[in-house]
Structures are given as C-alpha cells and as structure tokens.
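Could you have a look at this structure, given as structure tokens, before my questions?
Going by the order they are written in, the chains are A, B and C; count residues from 1 in each one.
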Amino acid sequence: MQARFPILLGLSLLALAAVMLAGVLWGTASLTWGQRAAILTGSGEAPRGLSLIVWEWRIPRVLAMALIGAGLSLAGALMQTALRNPMADPYLMGLSSGASAAAVGAIIWLPASVTAVLGVPLMAFLGAGAAFAMTLGLSVRRGEALDPLVVVLSGVAISLMFQSLTAFFLYVGDPHATRSALGWLMGTGAGTEWQEVPMLAIGLLAAAAAAFVKAGDLDATLLGDERAEALGVDTGRLRLLIFFGTVILTGLAVSVAGIVGFIGLIVPHMARLLTGARHQRLLPLSMVLGAAILTAADLLCRILLAPEELPLGVLLALFAAPPFISILRGVRRAA
Amino acid sequence: MNLLKTLAPLCLIGCMANAGPVTIDICACSHTSDAPPARAVTLNQQPTEVMLALGLENRMAGTAYMDDDIPAQWRDAYAKVPVLAEKYPASEVVLAAEADFLFAGFSSAFSEDNLGAADKWRGLGIGTYVADASCKSFHPKDRPLTVEPILKDIETIGKIFGVEDRAAELAAATMARLEAVKGRAAGAGQTAFLYDSGDDTPFSIGCCGGPALVAETVGLENISGDLEGAWVDLAWERVVAADPDVIVLIEADWSSAAEKRAYMEADPVLAELTAVKEGRFVTVPFSQTLLGMQFADGVESLNAQLAALK
Amino acid sequence: MPLEPILEIRNLSVRAGGKTRVSDVSLSCQAGEILGLLGPNGAGKTTVLRTLYHAVRPSAGEIRLKGRLQQDWSRADWSRTLGALVQGSGLLTGLTPQDIVGIGLRPLGLARMDQQRRTEEALSLAGLTEKAEQNAESLSGGELQRCYFAQLLARDPEVYVLDEPTNHLDLHYQLVLLDEVKRRGRTALITLHDLPVAKRYCDRIAMMQSGTVSRSGAAADMLSGAVISSVYQVDAGFSGQAFSIEGPLLRPQPAQMLRSG
C-alpha cells in the first residue's frame, strides 16, 4: 500500500497530461500534424484561424474541463465524508436545481440585453447559492449540530421546488430558446473563455489546500460524529466548512459548464477502491482522475459526431452507468 | 418508402368512404363534405398566410401560434379573423369557435399534448390538413427540399375551398418570382454559414430544410450541407475551418440578427473570420425561411442583399 | 494536603431535548485512579461522559482537567490528554483496522517509526494483527470494538474515558484490554454494567440514578448486596462473595510482526 500510491498518482497524472494534450490536438476541426506543430510552436506558418482555434478555444476549454473535473470530484469526496453517505454528490444541497432554474430562466425569459450584461454564468452561480442558503436554512436548528440526514432531506425538498420552476420555464419558453436551455442543462465545455480559467484555478487551489490541511479531521469524521469529537474534531464546524467549499467548487463549475453530472458521485468511489479512504491519498487521486475523465469525455463529445457536438451529459451518463450499478451493489452488500 | 405504399391505399379507402371532393394526403388524411369549409382554423404562420394570400379570410374562424408579424399586404385581412391563442389552442377552444377545418403548419400540432390526433377531429366531422413541407413521411431528413411543397399547398387549399383559379394564379406568380431569382443568383460561387441562434454552440442548418433551400436558390453553398437534417448544432470550429464568404443571420424573436453579429464580433476567434472582418452579413427573417408564402420574399430579399454586398 | 484531582466534574447539569438528563453531578478522579460509573439504563451515565469529549454542552457546572476549565483548553490539547472510547457507527468503506488506529494517532504528530510501533502493539493486544489490513466493513461487532479500543490504547492519553467498553467483547478480550489500562496506571472513568468486571478494576464507584449520583465510595463498599439491590431495583440474594475474577493482571504478549508487504 505504501509504495502503491505514488505509482498510482504518477500514472494518473500521466494519463491526465496525455488526455489534455489530445484535447488540444483533436477537436471538431481537423488539423494536419504539420499545422499542429506549427501552431503549438508558434511559428509564423500557422494558419491564423486554426491557430486561434487552438489558443483561444481549445486550450482554455481543456484547462477548464480538467479544473472542473478535479473540482467536482473533490466536492463529491468531501460531501460523501461530510454526510457519511456513499451516494452523496456535489449537487445534493439543491445546488444543481437552483443553478438550473436560474440559468434556464435567464436563457428563456430575460431579454438578451440583460443576459449579456449579467451573463448566464453569474446567474447560475447565484441560483446555486440561493438554493444552498435555503437548504441550510431549513436544516439548521439553534443550539444543535447539523444532522446529515436532515441536510440531505432538505436538499431534496429544495431541489424539487427548483426543478418544478425549471420545468415551468421550459414549458412556456419558445422552442428555440428551450433548445438552448436544454443544451445548458446537459453540460458542455463549449464557449469557455480564457477569463474563466483563473477563477476555476483559484477556487480549486483554495478548496484543495484547505481540504488537505484538514485531511486528518476528515478521516476522523468517517468514524462517526462522536468518535470524531473524541479525537478533537469540531464536526459541526467542519461540516459547514465542507458545505461552503462545495458551494464554491460546484457553483464555479456549473457557471462555466452547466450541469455536469456523475463525476462528483462516481470518481471518489473509483479513487477509494484504488487507494482507500484516507483523505491524504483519496483527495489528490480523486482530483486527478476526475480531471482526466472529464477532459476525455469532453474530447469524445467533440469528435464522435463532428462537426456536431454532443453535450457532456449524454456521454457521462453512458459511462457512469456501469460503475454506478456496481457501487449500488457494494452499498447493498454492506447494508 | 414501402411503408408509404402500404399506407396510401389504406388511407384512400378511409377517405373514399365520404361523398364529395376528396383530398388525399397521407400525412394527415383529410376528408371534406360536399361544400367547401366555411370556418377554418389555421395553426402556425404559413397556413394563415396561404389562406390570406388566396383571399379566404371570410372562410376563417380563427388563427393561432403565429411566429412573426403578418406581412403588410395581408394585415387588414388578418385583423378580421379572431386570434384563438398565442400558441396551440386547447381543443375546447377550437370546438367553441365552431371550426369545420384545421390547417396546421407543423405535424406536431396533432400530437398528444397539443390538439390530439387528426383522427379525432375527423371523427367530429372536422377536416384536417398539414402543410406539405412538414410531412416527415414525404420528406426524409437526408433529401433536400424543393419548392414543390409551397405549390402543393396552394393547389390543395385551392381545391378544398373551391378557388382553383386564384390558386393557379398565385402558384404561377410565385414560380415566376423564384425562377427570376435563380436566373440572377447573386450568391453564386460563395460559401455561406447560416446562423439561427445559440452562442456556445450555434444552431445552424443541415442539408435539407427550408433555410437550406433559401440558400441554394440564391446560389450559396452551405458549409454544413453535408449534414443530415434541417437544423443542426454546429461546432464553431467547423465554421472557422470553412471560413465562409458570407454569413446569413436569421432574424427571430428568440434571437435577433444584431445579437448574433455582436457575439461573433466580440469573440476573439470569430472576429478573425473573413466575413466578419469585412462585414459580409445578410439577414433573413425566420418566417421567410419556411416553405410558405413568405419564401419568395425571403429569397428575393436575400438575393438583393447579396448583390449589394459585391 | 490532598493532591488535586486530575479530572474534576462539579455540579454538572445537562438539559437536552427539553429534558434534564443530568442534574447536579459531581465526580472527581485522582491521577491513576479508576472510577466506575454504574447505574440502570437511562440514568445519565453516557451523557456525563459525552460532556467530557465535547459531544454535548453542559447547561451548568464546571469540568476541570488538570486544574484547568474545559473551555480554557484547545480541542486538540484536550483530546490528546483525555481520550474516549465511545458508541456510534461510521462509514468504514475503504478503511482498515490499521487505518482506524492511524486516524487516532495522526493528531499526535508522532514520528513515523513511533506511530508504526504503537499501531502494531495496539493491534496485537486487540488480537487484530491478522486482520490489520482487511476491510473494516467486514469486521464483526466485537472486532470493531477491539479496533477502537486499540486506537485508544495506541493514543495512550493521560485520562481514559470508556463508555461501556465491554460491549460486544467476550471475557478474554474484556480482561486483556482493561488489564492493559490498569497496568499502565492511567486514570480512567468507566461506565459498566458488568459487576465482576467493575469489582476487578474500579478503585471507586459512583452510582447514578435518574440523572444524579445517588451514592459513591470505595468499590468494595458500593458492590454490596444492599446497594446493588437498591440501585438496580432487583430483589436478589447477592452475597459479597459473588463470582469474582481473581488473579494478577495479564502481561501483554510481545507484539507479533505485521505481515510485511
């Protein structure tokens, strides 16, 4: 076990680097190897349009996908620990439905001028935040620690409310606008700009650093609230910190790429199977695997039906089904 | 195709059971009584315009689900007919208006959650007809449309309402206009990107819908003409790789031409496209891309804009 | 002059869920002393213990460890000095007994060699050497209890707080593990149901009933027929010679090497 982890992490990092490179070299437009070399080395021969595709579109997109994949996996692992629930994912506290309702509402109802100024990403982030605040509000009781089960149930209730709002928007919306909204709901890397990348990077770095510092406390939380308290962990405060971290990571992810499902749920399980549940190893491995998987999925979405693009949700759901079923089996066996 | 051949006789038999003029249409089989309908309800833009173009406003009981404003020449006539609903009306509303004929622009009008199956209406003695261009059974996704459907609609409606002369006149005039444009196609030899909506991924056209035909009629070569279907989600990279000569912006309520142009000009990569740098944009309203009465207007306007660009 | 008690609870009251669970309880332990907390179910014993490891906040009263009030201690320092064996289940997927002990040792910031040695010894004591790297989810109730006991022994705090430590354990392990606590000479506060076990280990015993301490004193005095009958509401003929576990404390076996690789 001691020797295995570095090898595991090393291989995963290699895979991530390879997939990111592939994401830059391949896409909906075909480039010859000569063009690729010219573009990447910045030689003057590179055709302008194609060079721009790589530097202004593909590279930020690949970076964003990696950062989002890592961020959602990190959030998923943290939520599974905070709620001691193997089925937890980053969207549990109403985050995805709040973001969806806000984004779909913005796409369908707001006049284009308003949307251009505020931007769908910002509205999605605010929507996620609003849903989170409401879920927290429902679950907090003065003088008592947050009960993980109450949090989950509150999240479900808030989610249902926002989901019906989203459904309403979709129903009354113009069919063309609806199509646009549906694309957002299924998640996509398209349209990623350079300015979104630093934001994702800072969010991820901050959350990852904080989580790493607290790795010991996170481990203790797995053993049960009372046992963790006996080891000196303030479980109430830790849980709140995890929730805030999740809102930031998930809010940023959703604002850039829409609803990207399954990564936050499945990847931590994969990592746990490979390296165990100690967070010092679980978190880094989850992040690297999540980054690699999402980047790979995005690449496939771009090349499978080129020049048409598939939304991320389509492929992710397909890939996630088998591991999801085996996780479910594992949960039932343990029960 | 074999399925069609099997269905045709079945529908024929069903239709023949009625007396009076019979119209055969596999898409939405209609039956009419001896007299032409007097209280028709039109659903969607094209049917409304066909009826008004044939001067049949006095035989209309209501309209619904318009996409755009009615062209100026028919505005007074349109005002005479009650508007039943903004989208598809509920079945009860249609019956309350005492309709005796339903003319829809899209076959989705007769789906479960809209007006229900055409059979149901025929059972109530109300005839139905769907614009020819929208019959998916007639027009598979991988075969480009021609202007046939427009003429077919005019002819069929003319027959149903007993105004064959007016119909023939209208059909001939329309054909003449289209031939004229084809004769001096201003887009000949140029490639074009048609942009309907969307920003991260543009909603564009495939080989075979109405807008593709508009482009073809004015001589333009569609950069996504190798893709099946009427509408497609095209990746921007394809547009950049193709570097089209002209960009055709579709003007619609849900996405204005100005918005789309602004988006392209603001994007660092798209701003470098030849057509964007040189401002080679032309605009066509959405309803003029459908195979209906405004098609000829669309084609003419587009041709004129292209000529002006040169 | 009497030594200051290492652990002192004064006038502790706890109200939770609208009910008073603990009312005006005072206890104290001298260093090296083992205090047993006995009484019927629902008497409030566990609640008293829970205040000691921050699981529930006292409504009134003071808790002092080594002379300092609980609120004057940082959580980290407190849990290093006072360790607890508690009830409760967790999510153990992906964890091994070795991990569980390691999770307890990590906050102590020990050197790697030291951690490893303590882990091996503790697991050996708990009879879990063979299963050290097995999935903790596959452990039985008894094995899990031994695992957590091992975690506590590895941490070796100055004060041991044990909430029903004999749960799920057969007699062999009850003795092995508690003998170790006694052998180390640590201060301990233990809740127990088992009277012979109480007699073997406790120096003093406090009886709790309905949230208060009804009586306390030397173990021998408390474990008399009259007291037991009264506290547990049992009308039985206890004699002072009830089954006793005699004999010297067991010596720990030399730690077996963990399977390498």
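We take it that contacts are C-beta pairs under 8 Å (C-beta built on N, C-alpha and C of every residue); 3 or more make two chains touch, one makes a residue touch a chain.
As the structure is a prediction and not an experimental result, all values here were calculated from the model.
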*Determine, using the mean of C-alpha atoms as each chain's centre, which chain is farthest from subunit B.*
C
_Quick check on this structure: which chain has its C-alpha centroid closest to the centroid of all protein C-alpha atoms?_
A
_On a C-alpha centroid basis, what's the spacing between subunit A and subunit B, in Å?_
41
*For subunit B and subunit C, what's the span in angstrom between their mean Cα positions?*
81
*Would you mind pulling out the distance in Å between where the CA atoms of subunit A average out and where those of subunit C do?*
43
*asked:* With touch defined as at the start, can you tell me which subunit A residues reach subunit B in the complex?
replied: 27-30, 48-50, 52-53, 56-57, 112, 116, 174, 176-177, 179-180, 183, 188, 190-191, 302, 306-309
*Where on subunit B is subunit A touching in the complex?*
196-201, 203, 224, 227, 232-238, 240-241, 243, 252-256, 259, 262, 268-269, 272-273
*Which residues of subunit C touch subunit A in their complex?*
50, 53-55, 75-76, 78-80, 83-96, 99-100, 102-104, 106-107, 133, 137, 148
_Touch list for subunit A against partner subunit C, complex_ = 1, 80-81, 84-86, 216, 219-220, 222-227, 229-234, 272-273, 276-278, 282, 330, 334
